[in-house]
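In the two complexes below, chain A is the common chain; its partner is chain B in one and chain C in the other.
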Partner chain A sequence: MTEAIKLKAKDYKSEVKPIWCPGCGHFSVLNAITKAMAGLGINKDNTVLVSGIGCSSRLPAYVDSYGFHGVHGRGLAIAQGLKVARPDLTVLALGGDGDGFSIGGNHFIHACRRNVNMTYIAMDNEVYGMTKGQASPTTPMDWDHSKLTPHGPGVRPFKPAALALASGAPWIARGYSGNPNQMAKLIAEAVAHPGFSFLHVMSQCITFCPEQTDWKAIVTEHEGPALANADEAAKVFLHEDGFQTGLLYCEPRPSWPPVSDKPVDGNALAGLAASFRV
Partner chain B sequence: MSKRHLCIAITGAGGAGVISCGELLLQAWAHEGGRGLLRKAYGPQIRGGESAALLKLTDDERYTAASHYDLVVALDWDNFSRFEDEIRLGPRSWVLCDEADELPASVLAARPTVLQLPFAELASTCHAEGRVNMLVLGVLGRLLGLPVGSMVELAAQKLARKPQAYRDAATACIEGGASRPMACDLPVPPTAATGACYMSGNQAAGLGALEAGIRFVAAYPITPASDVLEWMAGGLEQLGGQLLQAEDELAAINMAIGAAFGGVPAFTATSGPGLALMTESIGLAVASETPVTILNVMRGGPSTGIPTKSEQSDLNIALNGLHGDAPHLVLAPLDIADCVFTTGWAVQLAQQLQTAAIVLSDQFIGQSTAIVSEPRRYIPATAAPATPAEGAYLRYKLTSSGVSTLAAPGDAGHRFTADGLEHNENGTPSARQSDHQRQLAKRQDKLADFGFGDDWAQVNGSGPLALLCFGSSSAAVNEAADLLAERGSPARVISLRLLAPLQTAALRAAVEGCSAVVVVEQNHSGQLFRYLKGHADFPQAVHSYAMAGPVPLAPEAIAQAVTEMINP
Partner chain C sequence: MSNTDTTAELANFLAHSLELESEARQRYDELAESMAGHRNLPVAEFFRRMAAEAEHHLQEVAELAGDTILPDLKAWEFDWPEAEAPETSSYEALHYRMSLFEAMQLALGNERAAERYYRGFADASDDATTVATATRFADEELGHAAELERMMTALPQQAAQLREEDDDPHMPE
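Up next, the complex of A and B:
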């Protein structure tokens, strides 16, 4: 079995060339994912990367595992259906801020709440890149670079970590595309967490938001252990600047669905048909 | 040919138990070897609205909705009045009521024989907690000659979770009602057949899906499809499958697609508004060649429409709702028992052809319960063993059949990324014209070239006139054909079970020799008529009889309209 040989990060990359712009933060996320897979010694055949639509959602094709590139906003739904049907698989959902927090916002809330044992990596660059630079739910209020909202969106940006917490996500971390080693470590921990793990990655868009290169000056690393209390975490997530990285909150609870202890009844089908007979 | 059937309507307030009364009466009738149908009609309210149990006891299984009633039991007249359009009476009808001096004008005009019975008073005489619906059950059971013990036992089973006093009250009321002779002479049909099943179309569809291998269901509640999902939840638990309640229909269809991608046959059920939300992702199933089956239990539309009542008006969206060129399967069960066959067939076709199948049932067959002979099952032909592909695995490989090998995660060495983006044979996104042309043709040819066999339609009778219909209209159209034959215009009835891909050659052969074709359907705009006009190119004159719901199609009205069309 080839998997017995220790694979390196590059062995987890496919031969498909990314469509991303030079300098895109998503390259760093791809590197971190493959590094984490190598670190975990993960079996490529038993791993599925699922995504929606957007620049970041192209990622599954760039990894040598199974993948599903779905429709806009629905990656989390596909991923949960897959994991519930096939609990033996390692399932990661990926996507951008528009995909996950706008069109897919309802699925994000319910995925946090449902707590299926899988990982969701949201690659947040505060912009719709694939449609050429419109404001997203995480864009600053005064960002006036889009012709669609020439005076800025004028709406308060969304706080993904706070929403995840309020919706019941038991594991919340943040990464930064400028620190792929930390991100790889967080991804490995996320996959190992027995429940829904939400990794929010600040992944810069060099093309539409060149000002995001300034992020490296404001990013901080969370010190100490992750918060394990939702009340404390709520205060942090509502008031933070959104640039502290690391594992921020971890309060494990039983994932869904519970493992059934009922034996499967081999005659169940015949019994169901018979239940209709007069 | 006079039909031997007896139609009984029981109307009352929602929550008054008229549906339970009707169910128990039909079950007891089934135990005596009878045949019959129970149609349930509701107002939109959960409690306090109107509700009607519409029974048709027959000596065969051609279950059309009753249009004329032999007996109406009105627990009160306020609630009856909301069904005046649907419950027709005549001078030979009987009316059983508590308030004989408050008859509505429409009832008086029909001049039925009115029998007065103080329901509430009698029920409280039988038991302090007496229930009117169980008293009526006893009265009606006696009129049908049903054994009291059988009704009592069936009621005890149904009420097993209720407190003892509740069950005692039911028993006392059934016995009290059954001891009450009524001077009412009803045309009770003969009972003889045995070996029957008692099921609703929604249950039958769920059974067909599970028997065909469905082990994952994503569910979002919607009337009138929720009961399919509720029934399947219990079945899946026994089978070791999974049911996931989704946050909306957008999630439900995608969860099903995700499970199917994992190699687990997947299903969801919905109704018009939910189908509309699902259409984008049904296109994803088509493009990514992921098998999935969607049962759409049709109700009155558009928009919220008439959620609790039937109509065949989702044909257009089922056929044409997907954007781009997205060939897929559309099937329609012809009656309650056929829900087992057609849903099972749809699941197996979706799996075999790696595409989406939409099954168009409706509220009439979905939520009606009937006594049916053991339903037919779809038995797939033994598939030839798959030949191992040579060289590297190509998920979307171009093959002579258009079907390529579908691997699932866990299969060693077959890793691929399924994609709704146009792709090449390997699954890599491609915007090249050559890849687009090839993959479009692949997805179309695998359906167009497939041999669907003889089950694409049910063809009955012969004659120079063809009546064409789909799904649940079949029973009413067949009964209309009987009426036309009695009147000297024999007709053949072609009931379409497979709507897409349309079996054009077989359809043209089926109407060969006919001088006229009449397309009959339960919607306003003639959706099937327009579809067939666009695709089948009949040489004959083609007429349309399209009548919107929610009142069921009436055989007599169809026969009259057809006669006028062919003898202008």
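Up next, the complex of A and C:
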């Protein structure tokens, strides 16, 4: 009889070394994911990380599991398709604020609405870092560090938690790159949640937004249990400062696709497939 | 305190010590890799050396723990004074253009944090073995801090490194 070997967080890291800038918050997310995988004892052969494009979307290469570095903004679409086709897998989608809330904004809305049993981690540094620092959907209105927006973008920043709630996400949490252990716990809870779980991570870009080092002094931990009422959560998400971390909202509902008691008609599927042949 | 309590307290202390040194080593390794990738070679080399030091201490603690059955704690179940283990370099303090002096300052802060942690553990414990072990670890960290201070004093004075990005994005006119 063989005894199962308990893997440590480092055992879930691949041989590929990250090329992120030193101090990048995405290192913390990588550490949190591997710590959560170790904490849950996840089988890496049954785990898939899917991403879009951007600094953060390089993350699947750094984890020793299956991964797919997808198309810009389309990580969620690929991940949902995978989970529906292979419900036995643990599926995590990853991306940044530009990938998830701008290029892939529509997929984000419908992933929240569809409620497939998977986890989405949005690594939000409020900037397009890979293209050297332009304003993203979550950039503050007065951020004037880019020559493209010398007076700031002048547009109100996107509120990911509020939009997720309005779109039907049943599980919403926020982490911070300065606290990878709390983030690891949130990821473990997100994976265990039987439905779509959205983890918004404030992940600092120390190179293009050095002012984000101030976040450490601003973040707070949500006190008490997660809100379980969408009306109450809406008031919080619309008016909060965005620096509250922890599990903020949890109101489980049946995930998609619903379990059917009708057997799949193999002939109908074969016929459908045949109709596409040329 | 009963023998069972004594064993449990020491085991808990050793589990935390192992995690503390392991986290320190992994973070220094990670920083050495990323600094080398950004061609900040003196700092990369320094972090590599700190990773080796942490690995050395990790092995010492592991040897001391021997066959002791340690509590099986998940990453978020360790009890630290702050968000991360005391000797772990904070991401907020880093920059790819940081100087060797700044890197040493960071490491010095880590050593002092570890010393405070071990000293605090010793102060709070009623178990003689735990007190003795934690005090020894605290003294070792104090020694590392003194060594770093000596290295910093011996370092040639450097002008503050420019941290602003000087490779501006291409702006077609």
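Going forward, the second predicted complex is superposed on the first by the 260 of 278 C-alpha atoms of A that agree within 3 Å, B and C clash if a C-alpha of one lies under 4 Å from a C-alpha of the other, contacts with A are read in each partner's own complex, and residues count from 1 in each chain.
The rule we apply is simple: a residue touches a chain if its C-beta (ideal position, glycine included) is under 8 Å from a C-beta of that chain, and two chains touch if they have at least 3 such contacts.
Computed from a prediction, not measured in an experiment: that's the story for all the values here.
Trainee: Clash or fit: how do chain B and chain C relate after the overlay on chain A?
Mentor: With chain A aligned, chain B clears chain C, so fit.
Trainee: Looking at the overlay, what does A:P22 touch: chain B (first), chain C (second), both, or neither?
Mentor: second
Trainee: For A:D64, is the partner it touches chain B (first), chain C (second), both, or none of the two (neither)?
Mentor: first
Trainee: In the superposed arrangement, which partner chain does A:F208 touch: chain B (first), chain C (second), both, or neither?
Mentor: The second partner, chain C, only.
Trainee: A:G81 in the overlay: touching chain B, chain C, both, or neither? Say first, second, both or neither.
Mentor: first
Trainee: Just checking: does A:T149 make contact with chain B only, chain C only, both, or neither of them? Give me first, second, both or neither.
Mentor: Neither partner.
Trainee: Just to be sure I read the superposition right, which of the two partners does A:S167 touch: chain B = first, chain C = second, or both, or neither?
Mentor: In the superposed model, A:S167 contacts neither chain B nor chain C.
Trainee: Looking at the superposed set of three chains, what is the minimum CA distance between chain B and chain C in Å?
Mentor: Nearest C-alpha atoms of the two chains are 15 Å apart.
Trainee: Which positions of chain B touch chain A when the two form their complex?
Mentor: For this pair, the touching residues of chain B are 27, 30-31, 195-199, 203, 207, 210-211, 215-216, 218, 235, 237-240, 242, 244, 246-248, 250-252, 254-259, 261-264, 266, 280-281, 283-284, 288, 371, 374, 409-421, 427-429.
Trainee: State the interface residues of chain A toward chain C in the complex, per the touch definition above.
Mentor: 6, 9-10, 17-25, 27-28, 31, 35-36, 38-39, 131-134, 146-148, 177-182, 184-185, 188, 204, 206-208, 210, 213, 215-216
Trainee: Which of the residues in chain A end up touching chain B in this complex?
Mentor: The contact residues of chain A facing chain B are 16, 44-50, 58, 60-61, 64-71, 73-74, 77-86, 88-89, 106-107, 109-110, 257, 260, 262, 264-265, 268-269, 271-273, 276-278.
Trainee: Can you name the residues of chain C that touch chain A in the complex?
Mentor: Those residues of chain C that touch chain A are 26, 30-31, 33-35, 37-38, 40, 72, 74-76, 78, 80, 83-84, 90-96, 98, 163, 165, 167-169, 171.
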